[in-house]
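Per-chain numbering from 1; labels A, B, C, D and E assigned in written order.
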Amino acid sequence: MNYIILVVFLGGALLTFFAGKINNVLQDILFLASILVPASLFFAYVHAGNIFNLTLGGIHLSLGINAMSWLFALIVLGLGSMAAFYSVSFMKGKERRGYFYFNFILTIMAMTGILMSRDLVSFFIFWEIMTWSSYLMTVYNGKDVQTVGIKYFVFSAIGAYAMLMAIVVIHSINGSFMIEDLVRSFPEMPVNMQILIPVLLLTGFGVKAAIMPLHVWAPGAYSNAPMAYTSIFSGALSKMGIYGMVIVMVSLLSYVPEGYWFREVIAWMGGITAVIGTLWAIKQDDAKKLLAYSSIAQLGYIIVGIGIGTPLAMMAGLFLAVVHALFKGTLFLAVGAIERQTGTSNFREVTGLIRKMPWTFVASLISIISLAGIPPMGGFVGKWMLYESLLTSNHYLLVIVIFFSSTAAFLYCYKFLFGFFLGQEEKEWANVKEAPVLMVVPMLILSFFSFLLGTYPGIILKPIDAGMQYLGYGITQNHLWQTSVIFNTWGNQVVLQPLLYSIIAIFLFFLIFLTIKSFKQTRYVTTKDISSSGEVPKEHENLTFSVDFMQPFMRAVEPVMRRQIDKYYTGLANGLEALFDFMRKIYTGNGQTYAIYVIVFVVILLLFKDILF
Amino acid sequence: MVGTPVLFIVIPLLAAFLIPLLGMLWKELVRIVPGLVLAYMLVLSVNLLNHVLIYGPIVEVIAGWRPPLGINLVFSAFSGFLVTLVVFMGLLIWVYSYRFKRNVDFEPAKKYFLLLMMLITGSVGIILTGDIFNMFVFIEITGISGYALTAFYTGRDSAEASFKYLMLGSIASTFLLLAIMIIYSQVGTLNMADIASKMHTIKPVYKIISFIFFITAIGIEAEIFPLNGWAPDAYTEAPGPVGAAFAGIVVKASVYAIVRYVYTIFDLSGAYDFLILIGLITLIMAETAAIRQERLKRMLAYSSIGQMGLVMVAFGMGTEEGVFAALFMILNHAIIKSLLFFSGSYLVYNSKHKYIKEVNGMSKYLPITSLLFALGAFAIVGLPPFAGFWSKLSMLTAAADSNMLFIIALVLIVSVVELVYYLRVVNRIYFFNKEEKTEPKKPTFNALIVMITLGALILVIGFYPDAITGILHKASADLMDKGQYIHDVLSLNK
Amino acid sequence: MNNTYFDLLDYMIYGTAILIILIGLYGALVKKSLIKIVIGLSVVDSGVNLLIVAIGYLKGGTAPIFSPGYLANPIKMVDPVPQALVLTAIVIGFGVTAVALALVIRLYRHHGTLNIDEIKDLKW
Amino acid sequence: MKKIIVIILLGTLGFYTAHTFFDIGFGFPHFEHGIKDVYLQKTVSDLKVSNTVTSIVVNFRGFDTLGEVTVLFLAVTALGGILYKRRHEVGERSVLFSASSIVTSGSKLLFPAIILLGVYVFIHGHLSPGGGFQGGTIIATGFLLMLLTYENYSVNHTVLSLVESLAGIAFAGIGLLGFMHGGTFLQNFIEPGVLNNLFSGGVIPIIYIMVGFKVGAELTGVIYTVLHEKG
Amino acid sequence: MNELWFDIMGAIVTVIVAFVVGITYMGLSRKITARVQNRKGPPFYQNFIDALKLASKTSAIHHGFMQHVGPAFMMITSIMSVLIIPVLRGNAWFVNLNFHGDLIFILYIMVFGPLGMALGAGQTGNPNSAIGVTRGLSQMVGFEIPWVMALVALMMQYHTTSIVDLMNVQIQSGMWLMFSSPFAFIAAVMAMLGMFRYSPFDIVGAPQELASGPMSENGGKYLFTLMSSGSIFAFAKLTLYVDLFMGGAGNLVELVIKTFALYLIPMLYGVTSPRYRTEQSIRWFWGWPTFFGFLAIIYAVVF
C-alpha cells in the first residue's frame, strides 16, 4: 500500500501537468484527486504494520510508517488537502498552472515519502525531491530567482549534502542504510563518529527547520513562493526538518553521553532563532516576509522543545509543530487571499479590509491569537507546555529568552492584523471583495482546529503520545495530559475546559452588552469620522498609520539588529566568487602558457617523485 | 557471436577509406555510411558484451602472433562496457548531427562525418588495445580527428582552440613515446599484460619516471589540471556535437588509459593517492572556474573537466566500490553532459559569442529543449531521482568506506558550487526575459529524438539503476582482477 | 642497470637526443611565431625519434636484415623493434605537423598575425 | 623572465631525462627474453622475410601500421577540412619567381628517376632497408619537385584520392582476407616462399606496396593542398 | 447544578469587589497625585461618578465590529485574571478558578486584553490610537522581561507554578517571599512600574501627545467597559503581587491594606518623574530591573 500512494501521487502529478493542455477544469479535478485520493488511502489503509521492501541499485530500501511519522503525515496531508482546495481557486486564471500543480503534488509526495522512509537512502531521495520541487515553487514568480532562489537551493544543498555525508559515513560504519540499524549501533560507535554524525544530520535538518545560522534563506523563499504553497512550505515542509531532528535528538543522542551537550546547544540555538526571527518579523513591512520571519521564530520554539527533550518538552515541541502548521498555514493562506484580491501584500499599501474581507479576518484573528500563544487557542497549550518543561528541567535563562521572543511576537501579531484589516479604510480598496468560498473555507476549517486544540489538546496529544512511545519514551505520558487538562512534571495543571467556558461566557456577555445597549441610537460611521485631537479631520487628510510602525521598539533593539547574519553570508559568497574569478585567470588563453604548465607539471612530479610515489 | 573485437577497428577504417569513393557515387552516402558503421558497431558491442558477461573476456590476437609478440585486443567486461558506451554515444552524436550539417557544403560534410567516425574509432581502439604502443597510435588518431573537428567551423576562433589542443597533444605524444621507450628498454616488450607481469623486475626509479611521463601525456587528453588548458577552448569552439563527443567519448577513453596504467600495468601504490590528489585539484579548479564563465559551452566544458576530476578521485580509491562508482559516473556523465551539450548548443544556436545571458527566456521558444537542459542540469548535480544521484551516492559511499571523510566534504562543497552555476543558467532559461534579437533555432527532428532519448535514459537510470549496475559490478570486478587479466592475455595459445 | 664502463659516446648520443628535445621544447615554449613553434614541435619529434633508435642500439651490432652473404647472427643484431616504432612515430609526427601548419595558415587568415601572444581570444 | 623560467624548467626536465637514460646505458642489451629475439628468429623461419623491421612493421605489428596509415589519411582529410574554402575563395598558387630553364629541364629528367627509385624502394621493402613509407615519401618528393618547378603543374585530385582510398581498402581488405582465411586479422595467409626472393614473405610485400601507394598519394595530397593556400 | 450556581455567584461577588476596590484606588491615585503636585484634586469617589456617567450615556457612533469585540476581550482578561488569582486565602466565595490555571496562564491571559483593546482601537482608524498601541506593546516587551525573571526565580525556587502553592509556601515558612526572595521582589516591583503605566511610563496614554491614545475614539459604553475592566485588572495585578510576595490575604481588610501599600509604589514613583520616550522606557526596563531579575534567578539557583 505504501508505494501505491507514492505512485498515485506521481502519476497524478504527471496527469495533472498534462491535463492542463486539454482543459482547465479537468486539471483542477485531477489535481484535487491526486492529493485527496492518496491522502484518504493513507489514512484508510496505511498502518504501522505494512512495510514495503525494495532493492534498487544494490541498496535495500524500505517504506513503512510508524506512530511518529503518522503524526507528521497528519500535518502534511491535512494541511496539504486544505491548501489544495485553496489552490484551485487561488490559481484560477494564473499562468503556469501545470507547473504549480505538478510541484505541489510532488512536494506532498516527497514529504509523504520522507515520512515513510525506513532507510536513509530513500529518506534522502525524497528529501531532495522535496527540496527541488519546493525550489521550483520558490522561483514560481520569476522574481529574484538568482538571489533568493539560489540562496534557498544553496542552503538546502549544503544541508542535504551534510546529510548525505552523514549517510555514507553511517553506511561505512554499519554497512547498512536502515534507520533501525543506525539507532541500534549508534551507542557503540566511536566517540568522534557519535559527534560527527549528529552534527551533520542536524545541519541537514536545521536548514529546513531554519535554525539560526542557517535560516537566512527562509524569508525570501517563503515570501517568494505562491502563498497557497507557502502555507505548506512553512506549515509542513519545515516540519520535515523537525521530524528529522526528533529522530536524531531522541533516537540517537539520548543514548550517548554527548547527547547532553547536543541538547543544550540545540535548545539554545532554537531560543536564539526565536528571538532573531521575532525581531526581524517586527521590522517587516511585507506580510509575507513578516510571516516568514515569524515562521523562523516559531520553528525556534519547536526546536527548543525538541532540544530539551524531556517528555513534556518533546510533547510541547510536537504539539507546537502541529499547531504551527494550523495557524501559520491559515495566515499564509489569508495573505494569499488578500494578495489575490488587492494585488499587494504590503502593510504600507493595504489597510482597513475588515469590512471587505470579514471571513478572512476572522480566520486571521483566530490564527494570530493562536500564534501569540494566548488562551484559549491551540498556541497557548503548546507554549504552556514549553514553559513548564523548561522550568521543570531547570533552563532558567532559556525561559526568559523564549518569553522575550514570545512577548515581542505580540508586536508583529498586532501589526499583521492592524496593517491589513484595521486602520483607515482607504478609498483605493473600497471595491475589494471577499475571497472565493473555496479559499475562505479551508482557512476557516484550519482556524477552527486551532481553536479546538486550545481546549481539547488531547485530540492531538494522543497521537503525539503514541509517537513518543514509538521513539522510546516511557510507556505512556498520560500523567502529562488528559483530553482537556495538561500537567507539568511538578504536578501543576491547567484545566482548559472551565477556563474556556468562562472566557466564552464573559466574552459573550460583554459583547452582547456592548452591542445591545443603546443599539438603536448607535450608528456606524466610517473611519474618517473620528476626532483627532478634538478636531474632525477632513476627507483628504491622510490618517493612515503604517510607515515605521514599530519604530520605537526598533530603536530600542537597534544594536542587535545591526548585525545581520545574511550580510556575512553575502560577503562570503562575493569573496568566494572574486577568488574564483581570480583563480580562473590561470587559464590565460595563451597556448604557450598551457604548454609551460605541462612542463611545470612534469618537473614538479619529477622533483617530488619520492614523496608522491 | 556476431564478430570479433577487431571489427571495431577494421570496419570503420574500411568505411573511412571508402567514403571518398562513395561520395563520388552519391553524396548522401557520406552522411549515411558512418551512421551505418556506428550502428553496426553498437550491435556488435552489445552482442559481445552479452557474451563477455557470461563467458569471460575475449582476447583477440592480430596477425596470428600470440600476445607478447603480436598486438592483441582485449574485450573484457570493463573495456567492453566502455566500448559499448562510447559507441552508443557516437551513434547518438551521429543521429544528432545528421541534419545539423545540412547547411554545410558537401566537402566539409564528408570530412565531418569521416572525422567523427574516426574519433570514435580511435577512442574504441584506445580502450580495446592491449599494447602500449598501439595505444599511442590510437591516441594520435583520436587526436588528429579531434584537432580537425575542433577547427571545423571556419567562422569562429576555432583554429586557435585547435592549435592549443594540437600543441599540447604534440607535447603529450613526446612524453608518451619517452615513457614507452623507458618501459621497453627495461622489459623488452610492449604488451600490457607482459609488462605487468614483468613490472616487478624494473628498478623503481624507471617505473616512477615512466609513470610520470605517462600520466602527463594521457593527462593532457584526460583533462587533468593543469594540463587541461586546451579543453575549455576546444569544447567552446568545436561544433556542439563534437563538444559532446569530447566529453562523452574522448575523455572517457583517456581516463580508461590512465586507469589501465594505474591498475594493471604499474604497481605503484602511490599512484592511487596521486590520482585522488590530481582528481581533487582538477575538480576544484574546474568547478570554481566554471562558476564565473560567461559562455555557456565554456561553462559546460569546465563542468565536464570537474566531473572527470571526480571520476579520477573515485578511481583513486583503489577499491572495487570506487571503480564501480567511477564507472557509474562515467556512464552518467556521458549521458548527461551530452544532453547538456546538445540542448545547450540549440539554446545559444544563433548567437555569435554563445554567452550565457543569451539563453534568457528561451523556455518560451524552445520548451522541450529547455526542459531537457533543465533535466540535465538537475541530473548532473546529483539530485534524485535522476541518474546522477546514484553515481554520486555510490562514489560517496565508496569514499566513506575508504575512510576519506575530508574528501567527501570537499567533493560535496564543490558540488554546491556546481549547483549554483547550473541553477543560474536554468533560472535564466525559465525566468528571465529575452533581450537579444537573435532568432531561436528550432531543433531538428533528429536532434530532438536524440535529446529525448538521453533524457529518457536519465530518468530510467534514475528510477531503475539496477538496469545498469549489474554490468558495472562485473566491469569493476574485472578491472580489479589484475592477475586474471595477465593470465587471460598471456595464456592464450594460438 | 649495468653501467660498468664509461664512454663519452654513450653520453653523446643520448645527450644529443635529449638536447634536441630540449631545444625543440624551448622553441615551442618561448618563441612567439607560430611557425617557429611548429618547427620546435617537430624538432622535439626528431629528438624523440633519435632517442628511441638509440635505445635499441647494440655496440658492434648489425642491421636486422638477413641478406645473403651477410653475417646473419641474430645475437649481434641491433634491436629492430625501436626502428619499427620510430617509423610509425615519424609518420605520425608528420601528420601532426601537417595539421599544425594548416592551422597556422587558418590562424593567419583569421587574425592576420603569427604572434601567439596576440592570438588569445579564448581565455579564462 | 619567461625565458629564464622555461630554461630552468627544461634544465630540470633534461637533467632527469638524461639521468634516466644514462642510467639505462647505451649499446648493450638491457633485458633478457625480450620480444626482439623472437622477432629476429621468426622473421626468417616463419615469414621468410629478410628485413626484420619490415616484418615487424607489416606483420607482427601490422595493426600499428594500419593505424599509422589512418593517421596520414586523417591528416590529409583534416588538412582539407581545416583549409576548406568555398569555391570562389580558392586562390591561385603563389610562386615568388619562376624556375630557370636548368631547373625545369633537370626536373623533367629527374622526375621519372625519382618515381622509379620510390617504386623500387617500396617493392623491395621486405628484402632491403626501406619499404612502403620510404618509397612513398620518395615518390612524393618527385611530385614536390615538379610542383615547385612548374607553376601550372597540377595533380588530379580525384586520382589521388582514388589511389589513397583504394590502397587503404586493399590494406584493410587483405587484413580481412587473412581474418577469413586464418582466423586472425592481417594473418599471413599466402605461402611465404623462399627467403630473399622478391616474391616471398606472403602478404607482406603486397601490403607494403599498398602502403607505398597510399603514402605517396597522401603526401602529394598534403603538399598540393598546402601549396594552393594563399596566406 | 447548585455548585455551578455557587461558582457563578462567587465569581460575580469577586468581580464586584475587584471593581469597587480597583476604581477606588484609581480615584485615590488621582487625589494623591494632585496633593503631591500641590493641587486640590478630585474627590476619591470621582471615578465612580465617571463610570456611572459613562455607563448611562448613549453612544452615538461606532466604527465597526472590532470596537465591540475589543472591550469584550479586555474584559475577558480582567475577569479571568481576577477569577484565577486567589483573592482571599481559603474563602469559598473567592475560590473561583484558582485551581484551574497557573502563573504561565496568568501571564498569557494578562496580555490578551491589551491586545484586544488594541484591536478595538485599531478599528477606529484613529492614528493616535495606533501609535499608542505600538508604544504600549513595545513597553510591554520591556517590562515583561524583569517581571518574568522574577516569576521564574520564584517558580524555580519553590518548584511550583501554582499561585496557591506559592502562597502556601509563605504560610508554612512564615516568611513572605519579598523577604526570602528579595531580588525577585525588587525586579517584580520595578516591572510593576511599567505595568501600571504611571509617569514616567505613561507613554501609552500620553494625554498631551496622543489624546489618551488607544482610548481616544471610545466613549460611553465602550469607555465604561474599558475603564471598569482597567480597574478590575489593576486590582487583579495588585492581588497577584500580594499573593506572590506578601503571603496573600486572609480577609478583605488585610488585602486592601497590602494592595494599597503596593499601589503606592508606582503611583509615588511616577508623581515626580517626567515621561520617558518609548525606547528609553524599554531600555530602562532592560537595565536595572533585568539585572535584579538575574540576581533573583542566581539567588534562586544558589539557594
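Rule of thumb we're sticking to: contacts are C-beta pairs under 8 Å (C-beta built on N, C-alpha and C of every residue); 3 or more make two chains touch, one makes a residue touch a chain.
Just so it is clear, the model here is predicted, and its values are computed rather than measured.
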item	value
Chains touching both subunit B and subunit C	A, D
Comparison of A-E and B-D (more C-beta pairs in contact)	A-E
Furthest chain, CA centroid comparison against subunit E	D
Subunit C and subunit E: spacing of chain centres that average the CA atoms, whole Å	100
Where subunit D and subunit E are represented by their mean Cα positions, the distance between them in whole Å	107
Separation of mean Cα positions, subunit B and subunit A [Å, integer]	44
Averaged-CA centre spacing for the pair subunit D and subunit A, given as whole angstrom	74
Multi-chain contact residues (two or more partners), subunit D	2, 6, 10, 13, 16-17, 23-24, 30, 34-36, 39, 61, 64, 67-68, 71, 74-75, 78, 82
Overlap residues in subunit C, where contacts from two or more other chains coincide	1, 21, 25, 28-30, 37, 51, 55, 81, 85, 88, 92, 95-96, 99, 103, 106, 119-122, 124
Chain pairs in mutual contact under the definition given at the outset	A-B, A-C, A-D, A-E, B-C, B-D, C-D
Of all residues in subunit E, those that touch subunit A in their complex	11, 58-66, 68-69, 71-73, 75-76, 79-80, 83-84, 97, 99-102, 104-105, 107-109, 111-112, 115, 118-119, 122-128, 130-131, 133-135, 137-138, 140-142, 144-145, 148-149, 152-153, 155-156, 159-162, 165, 211, 216-217, 220-222, 225, 277-279, 282-283, 286, 293, 297, 300-301
Complex interface listing, subunit C residues touching subunit B	1, 21, 25, 28, 34, 37, 41, 44-45, 48, 51-52, 55, 81-82, 85, 88-89, 92-93, 95-96, 99-100, 103-104, 106-107, 110-111, 119-122, 124
Residue numbers on subunit A that touch subunit D, as the complex places them	596, 599-600, 602-603, 606-607
In the complex, subunit A residues that touch subunit B	55-59, 121, 124-125, 128-129, 131-132, 139, 142, 145-146, 149-150, 153-154, 157-158, 161-162, 164-165, 168-169, 171-172, 196, 577, 579-581, 583-584, 586-587, 589, 591-595, 597-602, 605-606, 609, 612-613
Parts of subunit C lying in touch with subunit D, wherever the complex brings them together	1-3, 7, 9-11, 13-15, 18-19, 21-22, 25-26, 29-30, 51, 54-59, 63-68, 72, 74, 77, 79-81, 83-85, 87-88, 90-92, 94-96, 98-99, 101-103, 105-106, 108-109
